[in-house]
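Same chain, two partners: chain A is paired with chain B first, then with chain C.
Now for the complex of A and B:
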């Protein structure tokens, strides 16, 4: 294995020009998922790629990262799964079947965020956000655990 | 659908798959595998399945390659067999 060298210019270029536009495209894919190709899974995966590319430009075996630590990522992944499950159970609580968002009263969200979204579309949007959060956190967790050599210490 | 383009894509997919199987340098094999995934994604986009194609590009060509490179950084680079 050859000697690794750190490149400050590469990291600066990736962090300043590449990663923000990848994340912006991921948000576009996520929000326009119901009108055009895309959705929660793709948006979350592209967003995770934006974070991973800035971590990769630092070089492998960096130890723990300060931006999104593993504990934060684990909490985010559980939050995404919890959002999905909560939205599914909310349909049962309001008298419908499981994952039936049409009966959940979400119309008051239109006052906060103006738009012509119906209840069902707002429910689908919340579900997509949960999926994106879960996929995003899980992919970065996979990268973190795979590229970090544990030298006999406990993995948090 | 343009059949010449589709035929060329099938040919390139075959070439990149055989290249990924026969290479001894594992990093180069990962590069060939990412090329294979990207070509499959463009074939899917030609067929009209843009959603599947987007997933294939994001996961197959992007994240899987990064994860495999991370895995290879923990072991030796050249294949033994």
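Now for the complex of A and C:
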């Protein structure tokens, strides 16, 4: 067993200056994906990179990963995939075809989040969020499991 | 078996390289995909979907099934790693 020396300065720098801007850029890529290159996959991957870089700065010390546990990540991945699938099924329920977002009445969301988005654009926005959530949670889940050091206890 | 591998690879490489010479050039305006596929999406995206980004429109709306399948693939990869790496007490 080698002793790991955690760099407090490195972790402070990454957590304070690097990770927040990576996550902010990820949100920009996700939200602005309708007008510029970007979207769910890219936004989720960049957001996961922001979380992974702060985990790497901890020196693979799994005891410090209290921010997102494995169970939470699995629930988030299921939630993202479920959002996409239920938006597809909602198209059938409101009289359209599968994955037809134009018939789902979502224009009341404009009162919550003002903008000039129609129903179809709002549906695309929601499924992009679902994709981002699923990709984000899956990437961090892969990272957590592939860097896990078994010490004989059950996971998760 | 190893002596057979190299000629097979060379033969297939020759076939593939020869077949690429019959493909249309990059950015050829007269290639079939540029004659009717791209103009259709460029013309119809604005009034069908209503967003500026044609790539996002194709990805999320025109080819929604494809994107749903991709998301399922990524999720399945995560669950597969979870199933392989999870250790249970057997004794």
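Criterion: the second predicted complex is superposed on the first by the 149 of 156 C-alpha atoms of A that agree within 3 Å, B and C clash if a C-alpha of one lies under 4 Å from a C-alpha of the other, contacts with A are read in each partner's own complex, and residues count from 1 in each chain.
Basically, a residue touches a chain if its C-beta (ideal position, glycine included) is under 8 Å from a C-beta of that chain, and two chains touch if they have at least 3 such contacts.
Everything quoted here is computed from the prediction, not taken from an experiment.
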item: Contacts of A:92 with chain B and chain C, given as first, second, both or neither; value: neither
item: First, second, both or neither for A:79, with chain B first and chain C second; value: neither
item: First (chain B), second (chain C), both or neither touched by A:121; value: second
item: Partner chain(s) touched by A:68 [first = chain B, second = chain C, both, neither]; value: neither
item: First, second, both or neither for A:142, with chain B first and chain C second; value: both
item: Comparing the two partners chain B and chain C, which touches a greater set of residues in chain A; value: C
item: Chain B versus chain C as contact partner of A:134, first or second or both or neither; value: second
item: Chain B versus chain C as contact partner of A:18, first or second or both or neither; value: neither
item: Partner chain in contact with A:39 - chain B first, chain C second, else both or neither; value: both
item: Those residues of chain A which chain B touches in one complex and chain C touches in the other; value: 37-39, 41, 142, 146
item: Complex interface listing, chain A residues touching chain B; value: 1, 29, 37-39, 41-42, 45-46, 48-49, 52, 56, 60-61, 139, 142-143, 146-147, 149
item: List of chain C residues in touch with chain A within their complex; value: 49-53, 55-57, 59-61, 64-65, 67-68, 70-72, 74-75, 77-78, 81-82, 85-89
item: Touching residues on chain B, where the partner in the complex is chain A; value: 50-51, 53-55, 58-59, 62-63, 66-67, 70-71, 73-74, 77
item: Chain A residues within the chain C interface of the complex; value: 33-41, 70, 74, 77-78, 80-81, 84-85, 88, 98-99, 101, 118, 120-121, 124, 127-128, 130-131, 134-135, 137-138, 141-142, 145-146, 148, 150, 154-156
